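What follows are several structures.
Two complexes, one shared chain (chain A), two partners (chain B, chain C).
Right after this comes the complex of A and B.
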């Protein structure tokens, strides 16, 4: 194989990972050999990380903070705890990692916010494990600088009878990759993945996920909705894998997005890979534009075009947020959407 | 109140082709009067309602539309609404996710702001909505549901009139308000419309059938065919049409 010439961002990442162990060592090895993923890699064809990190050279500082304090590599949540988790990064290349465990039978809520500065490139890994009959609600609010790059990967291991509910909102950036990979034990376990992306001109967001059902009788619901302005790009890659042992799996995936302009780009790839014969699995994918008839109807009643548009987009986007249990939190997230929609008008 | 003079309009079809629909339509509805427009399918009745309210794709190529001294063609749809022009849609639009009450409060306050009036407070609006809903037999429960979503044809038409009762426009265009209504619903809707009759308010009732005009009695009836008004007269004209059909007028045009 030919030797590749590393970009400054790649070289900085390799240096940062020098001497590392576990996944970091594997990640370093991959960057040394192949560089950062480009659009030539199937899984990254709509999110060219190598290209997006051009111009980022020095090392920066990135990390997770829990309720405002720096934390170690592992935490345990439980006893109905609600925690604020912040992923922050300064300009430059940064790495952040955290392991979160919710013990058997415990319930917790995690509110995660991303705050990446202009010129930041962050590789982040979150490893979440739910013990038997544990419950975790995770709400992710990704409001990062337009000029930041995030490759944010979460792995979730869901044990029997556990419930994992994730609602993510992303306003995108130069490149925002949100990966979620769930190992689903079935046997009464339930997984809900909700996501919303609202992308102003020039922004990119990518929701890529896999849910692997390993045990029988698991339930998964995934609803992803997006709205994309001119010269912005939304990406959805969702995969359900149902192993042979995972009979009676009930899994449903839906992605729906609005093109707010002829010059918007939305790329979607829903996939089912099923090895069990007695399952209920479905996926749906639909792209559309704002309903011009509804727009005229609303304007005829006196609403300005901008206001009518914002109301239509908001009502379209909020559906996945119904997952959020706390009404206060749901209202707060909807409020963020409303502010962004106002700015986009 | 509304003066339309020699109006020509072309409509852009889905295939992008433009087709002339209104071909020199003239009509005048003074304040305090109710005029009916009757005509066969395809005569341009709905086009007239859309061109008056400013829908995209309906382009005036010739003629004038004057509303209380203002040239309508110069105004955006929402500006026309704020000046008091209201269209009761033939097919009211469903808006998932937007509760009817929220929609109407936003619409009313947008109109008030555009007119330089103060916004109505939430409690005052709720009181107004409750009072008007009761008058037309709509439950508050229905008003909490998303605009028109899952409503029957009759319920949608009732909602259109309820919206008019709340927004209190100066001029109403009712486009096929009777379609989809059974006789009881028709009576309720007509009662609602009749409460809106006033010396300073005009109405244009567009209908295919004479039935609605038994309940909303027009001062003048116009017959429309091929994009023009071809005959005007008193309420008796509607009965004549019902008895004889449109054929006579269609052959006159041809």
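Right after this comes the complex of A and C.
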């Protein structure tokens, strides 16, 4: 491969990372060498980051804030706390990073909101570690500007007997990539990954995840549902890896999506990589349109077509959100979906 | 766990002698010098007395091949292949073509006889080995026409006259180039273009022989057609090319089988198969692949890098792939269907068994372009020993393919805890008027079921075989009857010693 010509966004990113250490140095190296990933890279085949960041040039400001205040690079949560974590960014190229630790036996809840301005390109990195028998519930609400680009990566290390529960809802943008990579120690540890995407015209959202089971007896449940309008693109790439030591792993992955219009696009790759024989692993993937029979039935009952459609889509999409423990929070997130559906009708 | 320990021991015992096709046949063979260059391509073309346009086609492919890089995305691991250390042409010395069965050297006939492939028509009439031609079944013994490919050349094609009566052309591709140049010119490379992928390009440059089938409009081919590929010579690769055309309303069922001697070296097999189904036509293509898989330490074995693609060009056309993959050290193979015609249908039924150190990355692609096109994928993978197996598939529905439907099911069975089973299905959908479903499971043999079967007096091996047969039954049913029995036997042999 020859030397690549960097786009302005790449150049700004390289400058921002200049002189950095740790993972930033490696990230810089990768951008210098290969640029931002394009659809030619297998893992980015449906989310061309390089293309989406065309036209973004200057540096912007991005960062995480906890309960409204600026925070350092690391925080510790516990004692049943509920915290609001905000990822914000102004137009331009920004980098955000945070490490969150939940100590052994502790319980916490994190409500994460994304607010990226038009013309922002944020590459964010969240590192979460759960100690033994710790519990963390994370609810992610990604409502970003249609003209923002987000490449948001979360790595979660789940120790034995710990519980990690993640529910994410994304309304997409020019390009929204939500990556979750879980290292799952098993031994009674449980991981739940729920996600919903509802994409209005022209938007893109990508849920990419890997769950690597390293110890025996782990449980993983993943349910991702989406609905996509015209010229919008929903992407799901899920991977369960079961290492040889992870016997008796019980893992199930499901992706279902509705295409709301001609010219909608959904791409999916639910992947299993298994090296242990005594496991139960399954994945399912189904794509289709709204059930016309159900629609007809509801219209017979006097509902307008738009109303009936919205109700059907809402009931389809909310299933992964049942994971959210707090009823008020669940209602709030469902409410957001309802508003968006109203706007899309 | 005792069973696991037993498995490990059994796998250790897995001896090469389980592969009963591992013999070599002493035939005076003419082998081209090793190496890949323009000279060799010209040599092959000249050997086959090809027209000028064919040579140009090959040289163009060679040029492209030299600019391409080997694909690395498959989940298989092998040392780099030295393409200059392979001989690209080997043929029995007596000549590349035999006018009749009587001219075929006795050694070669014996070789095929040993493999259970009857080449003398009167013998064929007695029934194919493995066929359940019991007296109780009063049906007529089915006839099977065979094209036998020995190293780089087709040595004999049986039942040609009888097929000709029905208007069916069944011959080696070299003969087709000579006798039906227009058909070959029109269709060769129209499904798998010269530069489709690395190995297809290599094949385009150096392909030696293979089968050609043309079934005219409205004709139902009166018998099963089959090609048997045998790799015999040392240090060679086999690069065959098969082209099957079912014209409007035609039907043909085709089976290929393959074996190779046991050798310490890795032999390369890079074939290209193109199927074309016009309006209302149907092609059923079945493969029983049993190339030498290498010994228990992964020494030797065939690298099977194959491009197979069918084009459902006409409306209501149908192409069905059925494969039983038990051989080869490394398999890299994705029989696919381009569903271009309205209401066309693609099917893929696969059983892949890996044992010892085998690696297989196999699956299918269903490209839905036509309205109302439907496809069905049933894949059953069985991994045992220290093998690794991946199902990799793509279902792609284009915006115009309204009413398209796909159902995919891929199940993996792991026998023993040293093996791997992976599933990588890709789905791309661009119309809401399509319904796509995918299911996949990975499990091990159920202890309960094994226990139950053993309670009924079956020993562990027989119980495993019974359960495995149940696991793959959906696919076996798709094989032509005559070969289903053989495939069932093959599964037993492949899994022998891997009871867990």
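Here, the second predicted complex is superposed on the first by the 344 of 345 C-alpha atoms of A that agree within 3 Å, B and C clash if a C-alpha of one lies under 4 Å from a C-alpha of the other, contacts with A are read in each partner's own complex, and residues count from 1 in each chain.
The criterion applied here is as follows: contacts are C-beta pairs under 8 Å (C-beta built on N, C-alpha and C of every residue); 3 or more make two chains touch, one makes a residue touch a chain.
Nothing here was measured: the structure is a model prediction, and the numbers come from that model.
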Three-chain arrangement built on chain A, chain B and chain C clash or fit: fit
Does chain B (first) or chain C (second) touch A:99, or do both, or does neither? neither
Just checking: does A:250 make contact with chain B only, chain C only, both, or neither of them? Give me first, second, both or neither. neither
In the superposed arrangement, does A:132 touch chain B (first), chain C (second), both or neither? neither
Looking only at chain A, is it chain B or chain C that touches more of its residues? C
With chain A at the apex, the angle to the CA centres of chain B and chain C, rounded to a multiple of 10 degrees, reads 80
Which holds for A:143: it touches chain B only (first), chain C only (second), both, or neither? neither
Quick check for you: in the superposed arrangement, does A:304 touch first (chain B), second (chain C), both or neither? first
By the touch definition at the top of the document, which applies to A:261: first (chain B), second (chain C), both, or neither? second
Once the structures are superposed on A, label A:81 by its partner contacts, choosing first (chain B), second (chain C), both or neither. neither
Partner chain(s) touched by A:296 [first = chain B, second = chain C, both, neither]: first
Superposed arrangement (fit on chain A Cα atoms) - minimum chain B/chain C Cα distance in Å: 8
Complex contact set, residues of chain A against chain C: 42, 46, 244, 247, 258-289
Touching chain A in the complex, chain C uses residues 73, 399, 412, 414-444, 500
Would you pull the chain A residues touching chain B in the complex into a rising list? 291-294, 296-305, 307, 311-312, 314-316, 318-319
Which residues, counting only chain B, touch chain A once they are in their complex? 53-56, 76-78, 80-82, 86-87, 89, 92-98, 103-104, 106-108, 110-111, 114, 146, 163, 167
